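Here's the structure, in structure tokens; my notes come after.
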């Protein structure tokens, strides 16, 4: 486990890369009991054990089964249990029933990981380039699940009335509040958007293409908890004018009145996190808000959310590996960004762009082609990465996506406006 | 009632315009009984009586109440009953309970219309320009409800096991099949999109702005019923590879296997329409398909849906008043388009564009500002107008929008592809 | 239409009996519009038009089709539309979709009634005894639907925010409150229960059999609105101790805090009835309460509900045709009973007895055997008849039954206790 | 752990009784992992860990807290987590969220058990009689939970596609089929029903009272799996005539076509049990059938279910401790009864009697008064005990109760008929 940022390029040996990713996943699982790893807290979330097995199934299926002669499945029953949504890979266990799988136990799943790890590491020297690419893809895939692992287990622990801390930690020292938002203006014009071909990318980030921007300004930092508390105090959750129609229905049907995990205790706003329940840090970026909330806040503030292309232009060539990312297992959380910083890391930033294919998009061939393209309806793009995103996983062209009501990820808000 | 296309410009006298619109609505209601006009067949649809009253409430509220001294409400209870979704106009009856309002009866609602009509026509000569604009807006608003009136009543009659024809009609003479699709290529580049300021437009069509197109081709006609039947026969509804993930879930949860209102009777595909149940016309455009179905068809055909801007560029300066539109009450239905024609009218064409604000969009002031902007999440844009759209209501910049699963409108498919 | 109690025995001519029943149904429908008669306000209720047609279908099917040579169906599509639940009679329209049938219109249904009435009256002189019995059964069946007709239409009108009165009426003169409950003691012992064979009875009332009573006392009158208001004021709806577990869940899930149709307006308890909304009459029996509420009230009052056999023994040989019953179309409602009276009529009285078969029960032969027996799970017995029950329809052995949460019938409470 | 039947009376020392019960519970938990013990498979079932803790909370609350000076709660958070439904004991965790409690872990719950056990055993010598009675009640309470523990864990394992055996076991040797049912006739008359005061009973079994039986006959054995397979083969699940209306709706909405846990594999009926999946044993009593199924089977067979009083009279003074009961942890299942035997044990037998209070019933005082009385609506009585009922727990007066659709208990069918 490393405590410093990972910096690596394509030249890093594949086996080292593989082992680092796999080790971090295991470290995340270290504090979990068999029960913690088994329960599913809602249909959107998966059990930790399922994450551990599913990412392993991915390597076993697309690398070992397809590219290693003589490999035989660790357990013939696992594909049914641990395929996520790959229709081309056949029938699978219902997503909302993943929490019923008390066996295999956590230890058995870890043994499955060991078995596949040994086979992969053993095979790497002789693999063809296609298989090596799949290992690279599998590592990025596993990094995505590392983030889901953290947010899903946080959601589970939040359901427990005794509110256990997953990683107990010292109370943080309060920090100074950031100053008012400063606006970075952009005169509009043609920009290049999408992945530039250097390093890994998912298919949905391609092809790189021109986009036309219109004149606008974008905030130099994200919205803080203190600012969000002002939105609440001003009746933001009860004023229909600020809300999209779907969002207003969602607020009312679910009695939404604050970000997820916020509760008022003795008049103080607290939040539940990987280190248990604590008062909110007023200077930290607000997180666990839905697109609907983000959009309503922007309306209340007289602004709007940035588009994906605006955000990407703003990111420019900043180093996507800086900032507050996941380096090691522990109670990650958004930290107060220095003014003008924090574009990468801390919280995923909702954009106003629907998640749709780029011009000329083609899904990858084969089962892995189901990775992104089939989710391109009803969701919104988020940019930048969060404190739960493995360092090195995010980049400016990265397109994260969730439904507008979802908020169990570390999701926050950056404003933009027309000029 | 007129049988020929309406052609009018801004110079048409406002009172004539008002009366023509109001008269057509009343003609649409002519074949309906009190019961037909009262029942709500699903939460998405509204009773005919509600449409008749709601559009009247719109004029009464935003013109008579706000701009005519001394006007007093026809009935103080009606705003609660007939406000649709204007939060700024106060509490209102729940949308899904609209079918419970057996009283006021259809006749009473028609008397309400008469009362408001007389007051409007009386007031027009002295109204300020702002109020005249609201009448113009109210006419366009009512035209939208004319289309919903037809599609809602069609949906209601389709629920009745005895399948009554709303407007009984002669069996149509079969027509020749259109030839294969021909593709109109576009080299890409900058285009102007959105309303050009000539004539009426809704706020969501503005501001006009530059868009960057990428090279593509667009089909010269829409998909026919015969082509759709081939898609079905080829197992299109049972092959997950063609479907968006949300669409696949929708297909399976609702056992979708054909367009809405299609049923196989004695081995023949039939459809239910305003003239009752009939065999499908193979040469006519397929209609009553959802975005999910349209997108799956496009995938099956090796193509995609056009973007809104591509569609608008393709429409160019063709006359939006031509084609098969609603001119008079009767059993409208999509008619086989001449090859290369039919861009306007017949069926609304799903685009691949999410319904989101244009750059620099600002909602209109006041309660009418709730008209469009608050619906800008989760829906897709449709272009061109249908056989149920009043002639003269559609235009190239018009942005119709529905959720991707909805299909009780006259919705069809035009393909596009990258080149 | 008659305003005095009907008194008749088996010797009344069948055609006169038939016509009286049919005429009363039609009188009940007189104030209804086509729309009023078409809408279904909840799955438990049926549209008025459906009641009108269904009872007619019953005569047409079991008498005309089965016993009159050469009779041909009025409309071949009607059995599918108007069969209620007789599995032996084939497929039928879904119960919860009855409100979609805007056609045939009310007038057409009335014409269907006329047609069947003429055929029945014409056939009566030559019918065999079995068919005459079916007419008798059909009359009792129609009387049951007369009561449902009233309670269903009341429920529908209660959904309308403008709260129309079905039969507008003068405000009633307040009456004196009844005195405290007096208890009629019973020492226990063997009693005969069930129908004694004199006159008509449904199969579920048979066979008459011995039951063993235990010592108990039964109240001489039902609970009044004033007493119920005290129960509310004492927190009865918020105190779990008084409630059955299922009832407590029902109260909380549905936010139940008063009888159906009660609303507090300006601090005064009002109720909605066939004559519109009015203040409750403190002296009148409480009505529109569920079994759960009745049971909770009894618990709060330190008593219990009577068993069916206790109630029947208490009724003894009182004349079941006395009291406040339905004689003619109009705004029936429970009236303050003289002390010691009111056992029959006013409100159906919940018993503590589950609706289960009597010892030796056998369902009738054929489709009409589905009339009662198949409903013998999950429901509770009610006794005595209500203000909406046609006079002459109730008797001591009559077993009405509803689910414990249902309360849109005129249902009330009589207490009992162990001694 | 003992393998022979427990025979004890009131003179057995209380501490030995307590330890035996507590030890058996722990033995049942022995094969379970932390995850197995944590997951909740449906709202009707509870996690094993919850059972282990809840029965302990019962002793801690009603004995230690109320009767032992100076006892302090093991953990102040546990009452909220482990109270089941005692409203008088305050707020508690939602029943359907019991599976979210991954912590405390199984080991911690077992430590909680140890703590309370030591305190109880230590306190017993000095406890007043009221507290001793509560220990006795607590032991019976825990025995009930032992049965639920087994049926809940069976249900959980049945959700797992890999179908793990909880207690792997040898395939049983097939046994001879029982002969045809023989009918024990009863001439009717007065009988005494309910608990006779000798030994422990729950409040709902009292008071003992006279009941009047009508002439009837009762089968000498329960229905076998082979007979049930004939019912299936004869179309029993598809013939509405045999079903109660609620049952028919349940069958169709849930696509019920066989007992719970039955599946046809390669043309052979199999069942899932505590020892995994196996072919059904044709000679064994059918189990895991609902009241609706039991009632439909009886109708198909031209019989009916016995009433509770008939069953109790038939049981007479047979020894309730004989038969196939739970003696020790292991894969219990119904075993083919010798002809004329098996009244106690093997399967709970559905009666036709709704679970309602006996004449003169009074719930126990205090919180334990919520034990039975508040469940007296909507449920049916079962008699006799099952292979999962701890030996010695059942008796002729015992009233088990479940909703008519529930079937995850070991529930079976004995026929009766009128004579």
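Odds and ends about this structure:
For reference, chains read A, B, C and D in written order, and residue numbers begin at 1 within each chain.
Assume a residue touches a chain if its C-beta (ideal position, glycine included) is under 8 Å from a C-beta of that chain, and two chains touch if they have at least 3 such contacts.
Chain labels with UniProt names: A, B, C, D = Ergothioneine biosynthesis protein EgtB.
If you're wondering where the values come from, they're calculated on a predicted model, not measured in any experiment.
Touch-path distance (fewest steps) from chain A to chain D is 1. Of all the chains, the one whose CA centre sits at the greatest distance from that of chain D is B. Once the centre of each chain is set as its mean CA position, chain A and chain C turn out to be 59 Å apart.
Averaged Cα coordinates give chain A a centre that lies 38 Å from the centre of chain B.
Multi-chain contact residues of chain C (touching two or more other chains): none found. By the touch criterion stated above, chain B contacts chain C in their complex at residues 33-39, 41, 49, 77, 80-81, 93, 97, 99-106, 156-157, 159-162, 164.
Contact residues of chain B toward chain A in the complex are 85, 87-88, 190, 209-212, 214, 216, 240-241, 243-248, 291-292, 295, 304, 352-354, 356-357, 359-360, 374-378, 380, 404, 418.
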